[in-house]
Amino acid sequence: MSRYVIRFGALGYLALLLLLPVGFVFYRAFDHGFSHAWHAVTTPAAVHALELTLLIAAIAVPANTVFGIVMALALVRGRLPGRGLLNAAVDLPLALSPVVVGLSLVLLYGRGGWLGGLAGHGLKILFAFPGMVLATMFVSLPFVVREVVPVLREIGTEQEQAAETLGAGPFQTFRRITFPAIRWAVAYGVVLTTARAIGEFGAVSAVSGNIEGRTQTLPLYVKAQFDGFDTAGAYASSVVLAMIAIAVVVALRALHPREEAG
Amino acid sequence: MGYLSVVVLLPLAALVWSSRAGGLSVFWHEATRPEAVAALKLTLGVAAVCALVNAVAGTAIAWVLVRDRFRGKGIVDSVIDLPFALPTIVAGLTLLALYGPSGPFRVDIVGLIVALLFVTLPFVVRAVQPVLIELDTEMEEAAASLGARPLAIFRRIIFPNLLPAVLSGVALAFARAVGEFGAVVLISGNIPFKTQVSSVYIFGQLQSGNGSGAAAVSVLLLVISLGALLAIGGFRHWRTRHDRV
Amino acid sequence: MSGITVLDVTKRFNGFTALDDVSVTIPEGSLTALLGPSGSGKSTLLRVIAGLESPDGGKVLIGNEDVTEQPARARGVGMVFQHYAAFKHMTVYDNVAFGLAIRRRPRAEIRDRVHELLELVQLEGLAKRYPAQLSGGQRQRMALARALAVEPGVLLLDEPFGALDARVRKELRAWLRRLHDEVHVTTIIVTHDQEEAMEVAGQIVVLNEGRIEQVGSPRELYDSPANEFVMSFVGPVNRVGETFVRPHDVELSLEPEAGSEEAMVERVVHLGFEVRVELLRADGERLLAQLTQDDVEQLELEPGQIVHVRSSRTKTFA
């Protein structure tokens, strides 16, 4: 009896909290018909925003993937002093407000900041593409590390040692033994990193300057349309983001069982 | 290591440095402005409510996902990650439509809490789930064979084993709720003393050119985040206390 | 193929001394067992020889070459791990081929060599399987084939049968013995099971608390143990005061004889051909006697009965 109470309580909570709002986005977006929605997401500003969002992700995700693998190896296999602190530094973006992240970048690269001088040398970081990439890298940094670390712990070192006794050097051991064992975890982390990179709002909006058609990512575009009373446009673009989110969830689901079988 | 420094540590160092560039008195003045204090109080209040609800609901959902059996469980399990995947501004937008001024349930603070519950949903569930999977049912069977009733089994066997994981998830959810911006910026509006949370306050200060005001409150949020991470580290240590020799 | 010389090797882990000035010679072509209880340093010694641990002091020679500073991959050793260390994402074929592929041998050569080895370890039909689809015994034979594929100068086995059930373990022991007769590579096997060491090895090195207690053939260790530790580790033993005697050297009779003492039969345990008799001496010490079924029938032993006990081949250690 109590089992059914918990089951329906939990499922009801999920339905109200998750499905109702997400369903509502689709409902509102297609309120005025499909062609209206299609028109809203194909305006030059919307298309540019989508392109910019994907471009930023295309830089931040590979960078964080390489970093994530190296960092996970260092955390699990390395014998560095201060591993606890390093761990905390890697987790920090998970716990920190994105607005604080954005502000930190503004203070670092802005006028009077330590690296504020870069702008004078023609390297404009704030309110420009590089700043948005840096903000995105910051907030999406931990995901690959977090996924890979437990898998590395679990596979242990025996296989790597066996490869070594068979004549494999460190790089060969990584390529042939370690990487195949962690690749599903890496893939899982990459999907999460991508999701975060595409969806980031607070940090990016603090450093972007939010110029339509130039430094506006899709989430920023959604907010701008809403503020400009173009709710139909806001909802239509939201649907694009929601569909990416659903693709992410499907990808995560596809990757999960493999990871366990691996 | 260098990457970590450039991407994460350097900006934060710049933040801390500039927050105290004008001296401690400026920092104190900025941090104790009535608007800032009101925003921080509201932020901590709604984050605490959100953490509490998550502790109960998250544990219950994890329980259902691990121990219960029903059709479509796999899909439910996947849907849990949706808040990780959905851009927060989209969540904010639809929750505003449901709970905002023109929506059917016009209650601001509740809307705020619901938005935070949405984005923090996965934390407790994903923290508790693996521990629950690993939790040996033999222990529960042993307790039952010794005469324990279901409630006693939960209280004496399951709960003590899950508690560190629940608290880790709650700490992360709390930290995320304190810092959340995208999901609440629309609902929170910009009404100081009423619905303005700290992240929105910081953003406002930044936009109006008051960098030191933004930095002062940001440092407080940074301290809260570090505190949460420290607590999580502590809970992890506590959870594995019986595994060490 | 080469012999191994370990000279004054010391290894510490965080203040715990795993190996304390150990020196031993492993003859070329021999099958040597490192025998000892857990924590005796036997696995550490094997890993030092393999190059997976570097010693804090001392030298390791393979053949006449000092390999102390060489990494594991350059030492030409084949190693088999307790938990198989199977490459889970590779087929049996690719596992065995790994060392050859790393050495960039021609494809045809690899194929021939792998099939030859799979035949040797009796896994011919399973080349396309993944490790997860094999039984424990099959996995361990695959690991052995993998180690042998690169024609190592020495073969190192770290508790290779420890994770297998008793029956498979017995089969594999006999099989390993025959395999060694065929390939004759210098082999070291680490084990905590004295029966396994006696059955498989030509030479046994007994370790305890990081030191070598004795080196010898199984027979030498059993018949003339160097000390109390070796005597009690390589077989069951009774201790009466300062003297030690094996249960099969305890003789029972119904009548008193020269040098015999009285004892009461507490329990008679029938294990088939062997019968174990638990005795209580007048001075309160307990004694175990190992008899055959025939002996026991002749004596008609019953619990509570008083018998006369005489021990032969007793040993005392200074």
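Order of writing sets the chain letters: A, B and C. Residues in each chain are counted from 1.
One rule holds in what follows: contacts are C-beta pairs under 8 Å (C-beta built on N, C-alpha and C of every residue); 3 or more make two chains touch, one makes a residue touch a chain.
This is a predicted model, so every value here is computed, not measured.
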Arrangement of touching chains [line / ring / star / complete / other]: line
Selected interface, A-B versus A-C, where C-beta contact pairs are more numerous: A-B
Centroid distance [mean C-alpha coordinates] between subunit C and subunit B, Å: 55
Separation of subunit A from subunit C, taking each centre as the mean of its C-alpha atoms, in whole Å: 53
Intercentroid distance (Cα basis), subunit B paired with subunit A, Å: 17
Of all residues in subunit A, those that touch subunit C in their complex: 158-159, 161-169, 172, 176-177, 180-181, 262
Residues of subunit B defined as touching subunit A within the complex: 1, 3-4, 7-12, 14-15, 17-18, 57, 60-61, 63-64, 68, 70, 74, 76-91, 93-95, 97-98, 114, 117-118, 121, 150, 172, 175-176, 178-182, 185-186, 198-200, 202-203, 206, 211, 214-215, 218, 221-222, 225-226, 228-230, 232-233
Subunit B-facing residues of subunit A, complex: 2-3, 6-7, 9-11, 13-14, 17-22, 24-25, 28, 63, 67, 71, 74, 84, 86-108, 110, 113-115, 134, 137-138, 141, 192, 195-196, 198-202, 205-206, 218-220, 222-223, 226, 234-235, 238, 241-242, 244-246, 248-250, 252-253
Sites on subunit C touched by subunit A in the complex: 50-52, 71-75, 77-79, 81, 83, 85-89, 98-99, 102-103, 143, 146-147, 149-150, 156
